[in-house]
Amino acid sequence: MIEVGCGPAGDWAIVDLGGVKKEISLALLDDVQVGDYVILHVGYALSKLDPQEAERTLALFSEMAESVAAAS
Amino acid sequence: MKYIDEFRDGEVAKTLALKIARLAQPERSYSFMEFCGGHTHAISRYGLSDLLPPNVRMVHGPGCPVCVLPIGRIDMAIDLALKQGVILCTYGDTLRVPASEGLSLMKAKARGGDIRMVYSTLDALQIARDNPEREVVFFAIGFETTTPPTALAILQAHQEQLSNFSVLCCHVLTPAAISQILESPEVRQWGTVPIDGFIGPAHVSTVIGSRPYEFFAEEYRKPVVIAGFEPLDVMQAILMLVKQVNEGRAEVENEFARAVSRDGNQKAQDRVAEVFELRREFEWRGLAVVPYSALMIREKYGSFDAERRFKMDYQSVPDNKACECGAILRGVKRPQDCKIFGTVCTPENPVGSCMVSSEGACAAHYSYGRYKDMTP
Amino acid sequence: MSEVKRGYVRPLDLKHGRVDMTHGSGGRAMVQLISELFTRHLGNAYLGQGNDGAVLPAAVLNGKPARLVMSTDCHVVSPLFFPGGDIGCLSVHGTLNDVAVMGATPLYLAAGFILEEGFALAELACIVESMARAAHAAGVPVVTGDTKVVERGKGDGIFITTTGVGVLPDGLELGGARVRPGDVVLVSGSMGDHGVAIMSQRENLSFEASIESDTAALHGLIAQLLATGADIRCLRDPTRGGLASTLNEIAGQSGVGMMLHEKAIPIKPVVAAACEFLGLDPLYVANEGKLIVICAAADAPRLLATLRAHPLGVDAAVIGEVMADEHHFVQLTTAFGGRRIVDWLAGDQLPRIC
Amino acid sequence: MSEVKRGYVRPLDLKHGRVDMTHGSGGRAMVQLISELFTRHLGNAYLGQGNDGAVLPAAVLNGKPARLVMSTDCHVVSPLFFPGGDIGCLSVHGTLNDVAVMGATPLYLAAGFILEEGFALAELACIVESMARAAHAAGVPVVTGDTKVVERGKGDGIFITTTGVGVLPDGLELGGARVRPGDVVLVSGSMGDHGVAIMSQRENLSFEASIESDTAALHGLIAQLLATGADIRCLRDPTRGGLASTLNEIAGQSGVGMMLHEKAIPIKPVVAAACEFLGLDPLYVANEGKLIVICAAADAPRLLATLRAHPLGVDAAVIGEVMADEHHFVQLTTAFGGRRIVDWLAGDQLPRIC
Amino acid sequence: MKYIDEFRDGEVAKTLALKIARLAQPERSYSFMEFCGGHTHAISRYGLSDLLPPNVRMVHGPGCPVCVLPIGRIDMAIDLALKQGVILCTYGDTLRVPASEGLSLMKAKARGGDIRMVYSTLDALQIARDNPEREVVFFAIGFETTTPPTALAILQAHQEQLSNFSVLCCHVLTPAAISQILESPEVRQWGTVPIDGFIGPAHVSTVIGSRPYEFFAEEYRKPVVIAGFEPLDVMQAILMLVKQVNEGRAEVENEFARAVSRDGNQKAQDRVAEVFELRREFEWRGLAVVPYSALMIREKYGSFDAERRFKMDYQSVPDNKACECGAILRGVKRPQDCKIFGTVCTPENPVGSCMVSSEGACAAHYSYGRYKDMTP
Amino acid sequence: MIEVGCGPAGDWAIVDLGGVKKEISLALLDDVQVGDYVILHVGYALSKLDPQEAERTLALFSEMAESVAAAS
């Protein structure tokens, strides 16, 4: 999410995915800030991505990895 | 790509695979249905089943949006394009779904229908603005993810008084489909394919939240793990399902907590409720007529309803006799159980809808997995 | 589990099928179209190689390396089927003739197809079969090809671009720039047949006339002319723009003038009548199987005899002479005894004729 | 009386002018278009001959007669101008590469133009200039051509069909049918750049990404590969249908299977990201300046080194091996450790990319 | 072709030429105006002037239908096509007539105007029937020959209630043009180009008969010989004119008696009178504004009048300054007197309207006769 | 004129010119018979051709020819 609040109604944003920039609609999602990550579908942001939850999930993977490594 | 690449890490996958293999008890078999086509695609695309032990089996569900469209619905869209002369806008995969008389929207386009692929309802609205002298119909398909954008498009058209725009609404509901599968006599009776748990939808769940699955978990005693579309998400969800089964639990767990909450996206739900109401019944391919399983446009926005505007009636059309799409969508059969899989029915000449989209079970198996069927 | 039947492909529906965008996608649908239609009809060992290009035997003539001649023509004729031919055979003849009028023996053809979404496969099959017959009769194989599909409304059914390669023996020099005052101008037959045949099919003209396109491959006839050893300066096929434009082109290239004789120019009565109706001059109407021969005056009689002895030249005639003229005018003495310029075609209210 | 000023022609209005039907009529307007645009930019001694075909020096390589290679491609890309190129240079590269991957040295090009009534002459001039630059840089002249004009709504601005001829030394045999189990598959660089560059311009996609088409002439690179003397089985440019379709084609021709390694296939992050957005697989996206090399395993290292030493091959990589497989499957080990088929492209929801 | 070939016999032409040469008195010069473009074309096409003695000179008149259309009229047609989006139907030669801003109908077509060449008003009616959702305008030009078919088309459209059809009427009248030439100060004053007689129109006269010319013959003391369009007709008419001049007669003679009567085609005249009425004034290229020299659609059929329907006003636009079309149409100058003839102005890039049709004096001279201007 | 009175209103005819047959309208001309010759313009018959007058005109040419031939 590199730009927020463009367009006449202010519910447009520009997202960046690995160097690809695209205009999307924020009409289905409130309180989006520059720097947020969002889940996209057919040109709309459907939900914000929670970085802490993401880290937690990733940590879960790693934890597993360790426990497996420890066990084997 | 942040929050994508981390969830595709092959090294982590190996350890997850190892963990699943250890946890899965050799004396029992695990059958999990991934409801969503997005998960079906991820499983095939990344070759996930190669990473699972033989007694953990994934069963494809009915969550591929184009797969569940019955022939009669595609026929309505073709009729609009060829007979009513409208500009018909639709998402890409819909173009190749087989319809009556050997047609598809792609072939109807070759016959002169003005059929345009769009990436978003916004494109369809723009086409309507750009062609004020033409009728423009958006062929709206999909589950709860594509429904809110359609609702917004209708609200926008209403606000702009875009009187040449209408929607052929074929939006369907995930919970209704899951209920139907769980209540299907075949699924319940055919002992060889018990479903031991579900991988719950990713994007759909961002909208509806995790709460709607709680009913199934309780009522039917089936564990549900909501998972993201990345391959590690799926692996992790499988691991969590194996655990639940082993432990005799039947809960809703959320592997995709980074994007899915218990209540979902309230704003999106509100927009949908404003524009749509439940249909009394709707025919699904493979699931027959399912009561209250789809949406229709409310009276208030009736002028944007293509079915009303063009006075169309839905006509049920039986599937090709040889086609096993219905059984496959219910998880009762696998693509390779269909007699015409890979011969008469191929992605170039799909006979059934499951052979169309890469989220369809047959297409996914044909395009990614059929080497497994070959005698070596 | 039923094993996949290897190699099974549902065949193209040549009766009701239509070209759709997948036929141009580079996927299996395109490969199927190529193999069931193009390779099937045009098939030969070269095309069968199935690579990005065809490997062809060396360009050698009578044991000696020969120069190459290369020519290309896009065919966009409308309608696609017309009395006496269709875009398929036309696309073979049109390019073969351009190679042949250079004095070369045509050896190989390449064919590029631009198909419009919605084009009937049945029509496509007719056209490809006609191409195959024409190529076979001419003894020149289509050795490589390409197919693209464009959206409905971005094309017109089918366009065919053919490219020909031939070999030219050392010492033979023909060309529009080699014409000299005193030379004689011959034509191999009646003018305007092809264009009138096309126009007779045009929707809002649609007259009835028993006239067929003259579309034909001329390299056999040309080989006989060359075999006479006569001093031929230039050969050319008067296609688009007709006799008038082609002669003006040559006059400009050689920096000469020409004087034609209206009475000597063979024109079929029915072509003359159709032109009368349409307000056209047959000298500007296209031909697709006719030859202009410009030669040293002394050689005109035997070339005329050779032309007339060939089935494609029975109506051949000497129609004029080349003269010095710094203005490069092509002039004509009218049947009436007057004199006028025969200028380039100006404007175009004709249908697409090639 | 003012005498006619000979030779004066009001020049084409290259700023505001448009193609109209007279430019395809065979009259002076067409001649003017050809001379002021095509001959002017593409001009060379062959094209300057101004005859129906070009006479070309004999096909001799190192003093010996050489086999010919001929290939043709229709170019219908939309949009006509895209990041990194346009239909003009693309039409040169696309055909040169098809000749070059046969192992031949491309010598001559023919170009056929189908113009739509109303097409801006200014755009046409840009395209022809780009063609001329590409042909000049490649050292391969456009020796003959043709121009047709179709009515508005019967074309799409411009279609260009190019045909190439090259010479192939005796003894060199490359082809899709020569691949054997145990061979190694290399690519010269990242996959999908061209197709993504085209799609970034598509009206209702229009995303922004710093990606340019890779359109380029590969014959220089190929000459260096051939000079190594390595046992190359097959060269091919993975254009329409991308790497996946091209390898499936070869697998079918040779009756073999292949196993690719996802991690080894070079794909630019921005291309991967764009494909993520569009729901596409980069293995199916077109390239216009990339090469597939299949060679004996022993020769792979030095061919890889040769590729990487060339500016067009810096990102070259070994991506897989050929194996025996009666089903001719192209398979892939995923970065994830799984395995899947890489099938032909099915369907086509992409814009016209070549 | 019966009744055509006999009138093109070169042998007969030679004897007619000999006869003219003998009758023409060496001490005087004869200047005859062929009014009609059809005659201009025949003279150039058959090289007739080569057969005439030097003192018998043909002067081209204003009877080429597209030549007399002023720029402003073409601009109206272009405006209809480009701005009003109508399907504009017109006879072929009109397509290339230069208009304002470097345009012509041909170029307007390349810019996207839906402009269609028709061979007959019947084609235009059919286009209107086939495109009920589009406005179809027939750009009606020409003299008394093309007027009756236009009248019939309007009557037919009226009967069929073809409400999307209309006519941009630019039909002009031959007698008015001849009067204007005879009354033009230049023609009357510029002593070097006296007109000694007229060749009267062929096809026009089949409609209006020979009677209308009697007035000129009497009033202006100019002989008129109505002639067919075949070359022998023209030769014969010249012979008859030389005779009249020699004998001091100024009569209307009819060389084309095989098709022209004194009263003309009454049925055609009736149809024209039913549909059209005289315009108070009309601008001609070269002849300026000529009162009562053109027709307009009567009130009764006003709904088929494109000028009324699209509320168009005629705007006079001056010709290119260098262009001598006006003087050429009045017979005062010859094509080769124009400074830009054959250089800036050629059939490919006509500057004036006379360079367009092969009935136009400049185009006829350029395409057929300009070898005569060359220093040998 | 090889056929007369076709079409719904009976005012269509087929003319033959040197082997070319074309449908034209007789809406501007009455009493046309098969075998008549007509003057055509933009798809309409404008007037009938009087064979006797044609012969007379042709005779006039010949007469001329003879008189010139006699004189020279």
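For clarity, chains are labelled A, B, C, D, E and F in written order, and residue numbers in each chain start from 1.
What we mean here is this: contacts are C-beta pairs under 8 Å (C-beta built on N, C-alpha and C of every residue); 3 or more make two chains touch, one makes a residue touch a chain.
The chain lineup, named per UniProt: A, F = Hydrogenase assembly chaperone hypC/hupF; B, E = Hydrogenase maturation factor; C, D = Hydrogenase expression/formation protein HypE.
In this text, all values refer to a predicted model and were calculated from it rather than measured experimentally.
Following the contact convention of this document, C, E is the list of chains adjacent to both chain D and chain F. In this structure, the chain pairs B-D and D-E differ in their number of contacting C-beta pairs, and the larger number is found at B-D. Rounded to a multiple of 5, the C-alpha superposition of chain A onto chain F involves a rotation of 180 degrees. Using the average of C-alpha coordinates as each chain's centre, A ends up farthest from chain F. One simple way to say how far apart two chains are is to compare their mean CA positions; for chain C and chain F this gives 39 Å. Rounded to whole angstrom units, the spacing between the C-alpha centres of chain A and chain C is 62.
Distance from the chain A centre to the chain B centre is 23 Å, each centre being the mean of its Cα atoms.
Separating the CA-averaged centres of chain B and chain C is a span of 55 Å. For chain E, residues touching at least two other chains, in rising order: 1, 106, 119-120, 346-348, 370, 374. Within chain F, residues 17-18 each touch two or more of the remaining chains.
Counting partner chains per residue, chain C shows two or more touched chains at residues 4, 21-22, 27-29, 269, 272-273, 276, 327, 346-347. By the contact rule set out at the top, the touching chain pairs are A-B, A-D, B-C, B-D, C-D, C-E, C-F, D-E, E-F. Considering their complex, residues 17-18, 25, 27-30, 37, 39, 41-44, 46-51, 53-54, 56-58, 60-62, 64-65, 67-69, 71-72 of chain A touch chain B.
By the touch criterion given at the top, residues 1, 4, 8, 10, 13-14, 17, 44-51, 92, 95-96, 106, 117-120, 123, 126, 231, 346-348, 363, 366-371, 374 of chain E touch chain C in their complex. Every residue of chain C that touches chain B in the complex is listed here, in rising order: 1-5, 8-10, 13, 16, 18-22, 27-29, 32, 117-118, 152.
Within the complex, the chain D residues that touch chain B are 204-205, 263, 269, 272-273, 276, 327, 329, 331, 333-341, 343, 346-347, 349.
If you check the complex, the residues on chain C that touch chain D are 4, 6, 21-22, 24-31, 49-60, 65-76, 97-99, 101-102, 104, 108, 110-114, 143-148, 150-151, 153-156, 159, 161, 163-166, 168, 174-177, 236-237, 239-242, 245, 249, 253, 286, 326-327, 344-348, 350, 352, 354.
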